[in-house]
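As structure tokens, the structure follows; a few thoughts come after it.
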Amino acid sequence: MPLFTGVVPPVVTPLNANFSVDFASFTRTIENLLDGGVHGLFVLGSTSEVVFHDEAGRRAIIEHAVKVNNGRVPIFAGVIDPTTDRVINHALTARSAGADAVVVTAPFYARTSQPEIGDHFRYIKDAVDIPIIAYDIPVCVHVKLERQTTVGLASEGAIAGIKDSSGDDGNLRYVLKDMANDPSFFGMTGSEILVDSVLAMGAHGVVPGLANVDPHGYVRLWNLMQAGQHAEARLEQERLLKLFEIVWISLGRTSAGSAGVGAFKTAMRSLGIIASNTMARPQRSLNDEEAAKVDIILRDVGLLR
Amino acid sequence: MPLFTGVVPPVVTPLNANFSVDFASFTRTIENLLDGGVHGLFVLGSTSEVVFHDEAGRRAIIEHAVKVNNGRVPIFAGVIDPTTDRVINHALTARSAGADAVVVTAPFYARTSQPEIGDHFRYIKDAVDIPIIAYDIPVCVHVKLERQTTVGLASEGAIAGIKDSSGDDGNLRYVLKDMANDPSFFGMTGSEILVDSVLAMGAHGVVPGLANVDPHGYVRLWNLMQAGQHAEARLEQERLLKLFEIVWISLGRTSAGSAGVGAFKTAMRSLGIIASNTMARPQRSLNDEEAAKVDIILRDVGLLR
Amino acid sequence: MPLFTGVVPPVVTPLNANFSVDFASFTRTIENLLDGGVHGLFVLGSTSEVVFHDEAGRRAIIEHAVKVNNGRVPIFAGVIDPTTDRVINHALTARSAGADAVVVTAPFYARTSQPEIGDHFRYIKDAVDIPIIAYDIPVCVHVKLERQTTVGLASEGAIAGIKDSSGDDGNLRYVLKDMANDPSFFGMTGSEILVDSVLAMGAHGVVPGLANVDPHGYVRLWNLMQAGQHAEARLEQERLLKLFEIVWISLGRTSAGSAGVGAFKTAMRSLGIIASNTMARPQRSLNDEEAAKVDIILRDVGLLR
Amino acid sequence: MPLFTGVVPPVVTPLNANFSVDFASFTRTIENLLDGGVHGLFVLGSTSEVVFHDEAGRRAIIEHAVKVNNGRVPIFAGVIDPTTDRVINHALTARSAGADAVVVTAPFYARTSQPEIGDHFRYIKDAVDIPIIAYDIPVCVHVKLERQTTVGLASEGAIAGIKDSSGDDGNLRYVLKDMANDPSFFGMTGSEILVDSVLAMGAHGVVPGLANVDPHGYVRLWNLMQAGQHAEARLEQERLLKLFEIVWISLGRTSAGSAGVGAFKTAMRSLGIIASNTMARPQRSLNDEEAAKVDIILRDVGLLR
């Protein structure tokens, strides 16, 4: 069996207006996800604004999540920083703070080759006794985890699975095919809008940032696909497509990064889950006019009355 | 007058075989540069493998450089990390460790807009009382410091100057033109191979990684351009072009990053400046066959007998 | 009902060793596709090496296809060239030669904006009385047909449908959603390896270059998806994934373009459909060693004994 | 001696409001350039909107230029189209119409490797008896003519020189160094704003689109550099930098392509050289408000009163 499966959302990190973590809102964020039936929690992902938090801040976030979760579901912790030894330090912290697995990208800022990227994962595996999930996110690290790199690492046991946010579902499909004889390996997609497709091709899980806004929707979608009800799953996915339109509302005034996570936070504020939609600086938060547009969409998909 | 001018090399960080900093070699690296007549030292730049070092390691590197330099030339410290508050922490460290200026890139991993990038510099300026040099290096951070952003920040006094490693000399020229009425503003190029050109168009300094191998060459080039001896400067630049060919020797087997800084380290080892050509992991170091090719070029340009 | 649906392969253009079109092989290529049960033929697509053929050559290719087809299925003709008026000329030729629709990309070489790209399609629509299929292929034209551009043109009636070779299935899904109220609009994918996925999300057809090698496979896949037999469709798609591995055999020695279409031609030669695997110059054809590797894969998937 | 040297502007192709070529304006455009003292004419370059013109239109443009020029300076003709055999046809036309050299890019739309690109030039050389100038313009063809490709072709005699519009002056410098022993080889830059720099490093000519607006300026700049008067040359270049700001006026409303050549045409209309600023469709022309901004700049640099 794959080590992890199901809906494992990257958990939004709510902030106070002064940019400190709002732990009360963070508790509600986690409870809302668990209420929705998710199968795991991924703290300190890109959606969690991980790279805005330093070592101490990251430890506090993991520890809080572990405490709130209290063993209900597995917890993945992103250990995302530019280079190998710094990632190892984050992974040791995550392990000691109670995470069940760590999520590791290719190095960034530094420009590395595929063999060097492979070694990056091997060094981390050797240094820390915890399952490693490879995180393929070229939009942030500007290099692709190529099929041969991923499959090589998986075959060696250096990685337990992959979270694919590359948008290259064809490549993911080949990775799944290449690893089909290893029942413990798992592939998850970071997509919010192609979940039914990627599950239909054999993926084992989904890591949708939008589940912070509508966990029930993604869990329904997962359950329908597990039951082979493709037509109903498609309808649920199409409802979530409408909801996902919130991520483009502030685009142009803000960056793509601020527009996406900023819209999740704004929707969560409207739904009473978090207190503020503040983004980590220097990112810009959605303004009132943009928040009103988010609410229109929330009403349209039945989340807000 | 511009705050800083001249040849300010990014200082290579020598490593032991176990990846710890080799401070004895680091001392020789700095002395070799100062012997060569350089006008400043830029520690913790990309050439220094800055993102491979954590907070404590960075502090030790700056403090060592400050001690060895002992006030002879100004010291810039790179404070390079993905996001604003983490950069502020590095900048506070750099200031307390004795740096004269800090070098700041746009945020990375996080995707930010030009206005957000501008705010990034403003927040750092507000938090730390030290001159800020903007570092335009799209090959690492994957976003350009656009002319309007740079000129806006310079006009407000948020940045004291720019180090341009973008390869877009036309844009640098416009920035210099736009800031021509501010005699304190300075522009420096990160190029090793267009130094005469960029100085001829009015730049105030040069930050060549290759100066770790041949500081005298770059200082000669600087002096010739200051004296208006363009033809002689061109000859010196062309000699340095031959030397710069070392950066492609291991390309293909290693990444571009490892090939460039790795070749500098390999040449410095051949010249007796440092003890090992070890690159920070997971980067690959040049092997013996590649080192032999480096030596051929060192002999060809008269640095090795 | 959508104007066109089903499996509409881009038809390979077989060449003699002297680079002229081998019309006897072209006849067999078309008959092989029709035998396989395809629902349309797309001549002069990227897979057909369209940009290697001039006006007269293109007319001959369309006329030959029209004659061989003899009304059995609709024929799309690619009218691919850099700019509007030249495309209009190709479209007039295609119409007079008997094509049922033309396939039009964004301008290329010239750098145009989305509004200018929209006008490009409008000018062609005004000039030629034939259905226009928008062809989204950023890997060749280096610009994306953005959702708003495509949906705007479709809503105006300037385009009848879209062929999406962008790899951005999320965007295609939004286009299909936006046009859901227009039953005549159709979306097709150019993917060979995500056909089941894209059909499951509501696409109306598929344009796989690999169908030149195995038309029966793609028609089976289409029929299974029409029948709602997703699990069986997935198995067929996975068989075709194995076959698609031929496209990487010569990569590195040749360009990606030569490697892909060159592998199709090499497989078709092994299957007795065409006489030569010659690629239009300056592209390189697969050599004997590479052809032997193609044959191994053909045997593996049951196409060759 | 290099086959060609000096200021060789890409000649704007004036259009009537109905998109046909305005030959009377074209005559004035050429006479204005020759009055300015240019050393050659490059018709059918990117600035000439070459890819908007078909074979017959291109022939008419070359023939008209040859007639007006009447042997006063050499004429280069761009023979720019996606693939080898189509370029050969254009080159035969150019030769028979009286061009002295042809300018050839890498293939485009089709994705080719560096060895295939090399063969592209070799096939053209074998087919047409006329000097070939390689045109490195990745912004349009989306592939770089790598140093090894260019130097290999030059060493074989397949190309007579290079026009570099890549913006990579470091690479051009290496090409010039590699070919320094061949006195017939020449390198020219397509830059408008780094002309003094590129000439100082040894380039043999300059191909500035902006010379259509101010040929005297670029000829003065050339003469000053030939005389070794670098400081005066820099002042002239800086004046031309101010003028070049016209190319960004309509950016955002139009594409970069329309904004640049469109601004040249608008300025030429203000200066009485051409009758209309019409751009080939689907490109957008500058509007009245934008034209007024062009005029402000023309006055600022002393071209308009």
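Labels for the chains are A, B, C and D, by order of writing; each one numbers its residues from 1.
Methods note: contacts are C-beta pairs under 8 Å (C-beta built on N, C-alpha and C of every residue); 3 or more make two chains touch, one makes a residue touch a chain.
What you see is a predicted model; the values in this text were computed from it and never measured.
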Let me spell it out: compute each chain's centre from its C-alpha atoms, then which one is farthest from chain B's centre? C
Length of the line joining the C-alpha centres of chain B and chain C, rounded to whole Å: 49
Measuring from the mean C-alpha position of chain C to the mean C-alpha position of chain D, what distance in angstrom results? 35
Note: chain B residues in touch with at least two other chains are none
Which word fits the touch map of the chains here: line, ring, star, complete or other? ring
What are all the touching pairs of chains? A-B, A-C, B-D, C-D
Residue numbers on chain A that touch chain C, as the complex places them: 167-170, 173-174, 177, 191, 193-194, 196-198, 200-202, 228, 230-231, 234, 237-238, 241
For the complex, which residues does chain C have touching chain D? 19, 46, 49, 51-52, 54, 80-86, 89, 107-113, 115-117, 119-120, 123, 139-142, 254-258, 280-284
